[in-house]
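Next up: the structures, one after another.
Here come two complexes built around subunit A, the first alongside subunit B, the second alongside subunit C.
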Partner chain A sequence: MAGGRPAGSAIEMEGAMRTLPSSGRPSGTGWQSRGPLFGRNYGLSPGSRLLPPRCQENADPQKMAFLLRKQWTLYSVSPLYKFSSADLKDYARMLGVFIAAEKQKGLAVDVDGELGIKVAMSGLPELRGSEQDPAAVLVQLSLRSSVSPKNSEEKLIWSGWFCCVAGDDLLENLPENFTCLPLFLVNGAESYTAIVGSWFQKTFDCCFRRLAISPLNLTWMAAMWTGCKVDKNTAATELLFSVPHLPQPLDISYAIHPEDAKALWDTVQKTPGEITQEEVDVFMECLYSHFHRHFKIHLSATKLVKVSTGIASAHCDGIIKFLQSQYLIGVLMLLTELAISQIQ
Partner chain B sequence: MQRRQSSKHSKRPLQVHHSNQTDLSAWRKGGTVDTEKSAQNRQSLSDQKNDNEQDSLEQALSYFEKIQDRVSLKKSEVLQKHLSTMESIALKRGLPPEGFDVLLDVALSGKLADTVNTRLLKSLIPASAIPESSIVSSVSWFCVSKCSSNIQLLFLRWLITMFDFIDHKEQVHALYGIFFSFLNDEKLCPYICHVLYLLTRKENVKPFRVRRLLDLQSKMGMQPHLQALLSLYKLFCPELVSITLPQKMKTYFKNADGPWKAAINAVRQRNQANSTVPQPLLLGTAQPHSRKRKWNTQLIVPASSANAQNLVVGGKMSRADSYSANESFPVEQLRTFPQLLQNIHRLEFPSQMGSVLTNPLLLHYMNCSKDESVYLRLYYWMGQTLQEECTWCVVDNNQYEEEFRGFLETVYKAECFLQEGFPSCEEFLYRSLPLWDGVSCRSQILQLVSWIPLSTFSEMKSQLCDPLAQLFFTSSLYFKCSVLESLKELLQNWLNWHVVQLDSESDSQFSSLNTTLSGLVNGVAELINFVGRISTAALHLEKSHTFLLYFILDFYETVCDIYLKYKLPLLIMPPAGVFYPALLSMDSVNLNQLCYIMYRYRTNLIAAKENEMSKKKIQQFKFSSQTYQEYNQYIIAMVGCLWTSSAFQKDNHPEGIRLDDELLKKTGVREYKNSFNIVYHPALMCYAVDFLQQAWPDDTTFNFNLIKGKKWNWYLRYLYGQGLEGLKLFIESSINRVSKASQSKAEDEDEKV
Partner chain C sequence: MAVLRPFDKLPELNSATILLVGAEGGPQQQLAEAMLREKKDFNINIHLASSLPLPSERDHLRPRIDLIAFVIDIKSKYSLKNVQASLAYVDVRFFLGKVCFLVTGVGRANNCSVEMNAIWKLGEDYCSPVIFCELELEGIRVATAQRLLRMLQICAGRVPGVSALYFSLLMRNSAGD
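So, the complex of A and B:
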């Protein structure tokens, strides 16, 4: 990382994690004592979560491959009103017309084709946690090549997908007319996001909000993903911290060999199939104290901004990259939960 | 000094608007809800100004209407005057629909010089819509070519820009052929093409027109405007246009917006800012706020039909939508209440529920709707918007405080209109109050607090009361008063809700009353006790400030009448920390208020006791004897103070002012016994002085002992005459005067209940 960031210095610690710290268990944090308010939890994390499931047997990993290794910007979406997954073709048409109208405001719109941009909408039934979840919806914008309009050479310029993995909390009390697809992931220019988002807002009376990931939730991700089994030779687990209140930004990158991280996590994790907030805290505390022993820096006083593991990487601004198709559902489950807590 | 009057006056600085709650006309009046006097003055000033402008605009229009012959601009001062008036008003407020007929006629008839015509055309900015008839008549002027070609050109550009403002377009469409015939004019051609492009429908595409366009193209070369029209023709009738047209054309038409676009926006922004009445929705792209910061937040959503999207694809949508589309009444056209009534059966909610907030008619409609999804849609939209836009919860939002304040104001008005709080708003308050600094959007936040629905108090305590109390104790006197005012409104809203509930339940003979009632009684009692606690502390902190005391007693004016006025079996006396500062207050307003409150407590308690004795069924909610006891303690103290001059002896309240004679003697005050009676009470002494001066004009010794016996009664009548209505009610009800004409010192006794 050193030198990679123009605006600040970075401390590199690749593979430094060799000895496991034996002490450093923190006393219980005040977090859990703040129970849910009014039965709604106002964005607080629950005390414990289930381990992410490893793989969907029936899902074809190839099918989801296009979702991997791309940066997705996260949004939360309030339930869609009168959305029907049977009408995706019509929606695509309408959205196409809308985009054309936005692009050339004031002029009459050519309805049948010859728009510069082609819209495709399709369902992604593989992307769901259970039968109750509605099928995910993929929206793709592609540019028709102007050189040879007759050939179907299209260039994908923007894609976004709505999904809901194990969104039971919200689904349960939702009336019939509403469809809950609370997580929206976008890859492409913001201007297209704006047009597509506006159209969805107008058509299905929903609201989009950027979904930021709090440092606390990033620690959850760090712990959860460290515990997942990955093939060998995957990239290092890397945590990126930023030091607040400095005239110049200072980022600290903390990289750990994934096997070492996993070994540490295995000593921390007690309850099978479940992770608790306390375990996450202990895991992070151990990493912090190890770092402190070497560098005399208290990472707990800095802000965790990014977590990268072999499973996925997540940035606090709400940007995610999936790396392993068999854990896609698991990661989406956590993100769905965060999205739901933002819209409730 | 009159109780009622004074109450109205001191309410002003808090910007809490009472009449707002039910007054539909408040929406129409427009303007911000600003009850400060200065603002009212400003308002009336600007009204006046508007009236003046209206007059001079009418004069100018009638002048232009009457113009017969050419008038020189340089020579005619009248013309100069009217022209510039018209220009300035048009650019500022836009012109009314009836103005277009006159001005277009003048501008295109060629009566005046081109410079005048140009100025006229440039100032034709619509305030709302342009009547179709004025377009038709101006096109006929256009055809007879009385005006110069420059004016013709300017007119076409104007028409293109204003196309969407024309109220109907059927007759304009009928002029298609006329416009088409002007294609030959080389100079006008691009603009004529643009007009035709806007007008063309499938039935307009005819073989002879295609031929004509192709002729023109071969003559003039590949012109973008001709191509635009051709491609549209091809789109409608591919079989008629066989030539291939280039796939991509960046811009078909030059930007014809000309001088008007900016003015239109300015007018629209101005009109929107001045009024909460739904603006005529001109274009789907209407964006009152130039909010480019985020693509997805629009605080004011224009109402548009839910099926607008379906219409775009020509009703290709399957299912119910396609046939209902013909029948439903588009919300965009909903302007008046009669319209609402006539079309209520075929009205659909707009595509985005957020738009109902600024639309009173749709709020009416929402009020009638039982559809749960309507509320849920609004809930999600408002919840997300409030969170996203909150200026103190989201970093970098500070700069948009003005906008957010306006939004909160809108939400509050809608709540007043519906007489109901929004759940998303309640959640927002719970979420954001702990982070609130008590400054940003203060009056709006406190207004919204008053619409929090009644829920169990334990939840409210941690979410609302605790953060509010923290701010309350650490903020200014005025903040304290504002909080008390909004808590009073909250209490009143809860009680009103209960009364309405009661009515509807007695109608339907539904008797789940008791279970909900105990919850309500508990909730209301908790709120009153909470206010009692913070009031006691605040009076300590602010050294029993008169102003603060006024707001506290104002709260208790509602509390003391709960049983009779709101039919809720609950009476809670003010704590001693409120009662005694009011009793010993330096200001007659406070004392008078206290007297009135005690009188109402008495009336309520007596009514309760009578009810208890007559019918035994609501025994469950009998007032505890402690309430009566507390009342009696207070009344003894009061009568002892004001009347019998025995406050220090008779007061038996544990926190009262009973004092040993020994101690009192040490104070050195000679006549301590009567120092709080109606003559010597510091709040009333000024009246006593005034009375003495009137009764014994020559006596300058101010001998207060003269006021006794018959004079005592005179003095009382004098006090009543000064507007101390509360004192009058209190004395007449609570003090049993044994012999009214008694000469000696009135020997009276308080009447206990």
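So, the complex of A and C:
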């Protein structure tokens, strides 16, 4: 052997090797290997996006108020086959019957308090980006109190809505008889989501999937929402990071005064009304290096889990909360884009 | 700082050396162990480093490096920055087929923190193949280890008639769109 090296093979550590405990990931979590993983389309985001536009004044903010300050779980939906927005009343009746049947399954005795579920479906024509987009559809389940049917006191227990804001990419080459409402937002018990989902799946031959938001897209949201003007003083911009490869979970919360964040963003952004990937990177890099200077922690090595700003807050598991009605359309536009890229 | 050069040392008899560079220690170590477990008819030395440049004080002990694999974890933006910074300490002659980028974590698109365009661009800018894998899965780790071994064999000149440059050109053609 040359140089008197021992025969055989060896691993050698070079320099300052960080020896992290190689804690295995919990198996079976978040493993979703679908889609063209190795293709060039994977994990790409467009070079630039438009800033979320402010809503026009003619749209009534009160109408959309019930969508605000609630946690919505995101799903992506493939196009609905033979769906007609004129038949919403019939659909509501059919869904009501279906839910009653599902609830009765396996029950020998009719538990009447449980079964009085009323289904309402309505259109939300305000929620769209352009005339091309189909009107959003709202589904609400409410519990009838069987004690006093005359009072007709109803308690809302579950709501979900389908929407499509500026889904031009998908709308252009959609085959006939299909309606594209790629984004589905749910607030309520998961059991109802499953029942409603399976009815839509059977009736319109569509497919639901949870829509997770990747840390990369969360950085986009952080930058986009920081750049938005908000009238009054709002909550701090907060970024939540989780540190991987640790035996115990460790979360780092990074809160920035919204005005400071806006000031930083204004120095980064070059063309008004438009955001590029590069600008998003520079913005996050600035925040990371500031944090590193104070705490000697590389936030870029951690996972961005949650972004909350005065506009909205988003969690990587696909949970969103809208806080400003005027930017509702803008936020939905980005979410629609993500939903479309998931189903394509 | 010391730039890593491919040809300033003599090769050792019947052996080949690979250098794995990446910020995440755990998966790299596992990959190295998987490579050692593979059956092979030559000796391999695996050197692990979290970043370049390599410390110069042990330079005289280090064998000639035949292949450098930069490991990028798409879940960590830091790993990409780290690799980008390390590339400055590699001699240009390495990029004639003796460098590859190993991108791990590709099964978890939902955890992606890195813009994929940046990784593709890295491969194009440095004329080096980009290999996608998931080092946290045993099956893919073993397959990746085999693949790297085969590349190492070529880069060390142990496959008659196939040079590192020739091989990387082949890889580029097959990876091209």
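Note that in this section the second predicted complex is superposed on the first by the 291 of 344 C-alpha atoms of A that agree within 3 Å, B and C clash if a C-alpha of one lies under 4 Å from a C-alpha of the other, contacts with A are read in each partner's own complex, and residues count from 1 in each chain.
The working rule: a contact is a pair of C-beta atoms (placed from the backbone, for glycine too) under 8 Å apart; a residue touches a chain by one contact, two chains touch by 3 or more.
All of these numbers come straight from a predicted model, not from anything done at the bench.
Participant: Which holds for A:97: it touches subunit B only (first), subunit C only (second), both, or neither?
Facilitator: first
Participant: In the superposed arrangement, does A:316 touch subunit B (first), subunit C (second), both or neither?
Facilitator: Second partner only.
Participant: Using the superposition described at the top, determine whether subunit B or subunit C touches more residues of subunit A.
Facilitator: C
Participant: Would you check which partner chain A:245 touches, where first means subunit B only, second means subunit C only, and both and neither mean what they say?
Facilitator: In the superposition, A:245 touches subunit C alone.
Participant: Touch check for A:215: first (subunit B), second (subunit C), both, or neither?
Facilitator: The second partner, subunit C, only.
Participant: Under the stated touch criterion, which partner chain does A:81 make contact with: subunit B (first), subunit C (second), both, or neither?
Facilitator: First partner only.
Participant: Name the contact category of A:155: first (subunit B only), second (subunit C only), both, or neither.
Facilitator: neither
Participant: Which partner does A:198 contact after superposing on A: first (subunit B), second (subunit C), both, neither?
Facilitator: In the superposition, A:198 contacts subunit B only.
Participant: Could you give the residue numbers on subunit A that contact subunit B in one complex and subunit C in the other?
Facilitator: Residues 37-38, 40, 42 of subunit A touch both subunit B and subunit C.
Participant: Which subunit C residues qualify as touching subunit A in the complex?
Facilitator: It comes out as residues 10, 12-13, 15, 19, 23-27, 29-30, 32-33, 36, 43-51, 54-55, 58, 62-63, 74-79, 81, 106-117, 120, 132, 136, 177.
Participant: Flag every residue of subunit B that touches subunit A in the complex, lowest number first.
Facilitator: Touching subunit A from subunit B are residues 197-198, 200, 228, 231-232, 235, 247-248, 252-253, 285, 295-296, 304, 308-309, 312-314, 316-318, 351-353, 372-373, 376-377, 380-381, 383-385, 387-388, 427, 430-431, 459, 462-463.
Participant: Going by the contact rule set out above, which residues of subunit A touch subunit C in the complex?
Facilitator: Residues 1-3, 5, 7-25, 30-33, 35, 37-38, 40, 42-45, 47, 212-216, 219, 244-245, 277, 281, 298, 300-304, 316.
Participant: Can you tell me which positions in subunit A touch subunit B when the two form their complex?
Facilitator: By the definition above, subunit A touches subunit B via 37-38, 40, 42, 78-79, 81, 87, 90, 93-94, 97-98, 105, 107-108, 110-112, 114, 116, 146, 149, 175, 177-178, 190, 193-194, 197-198, 201-203, 205-209, 343.
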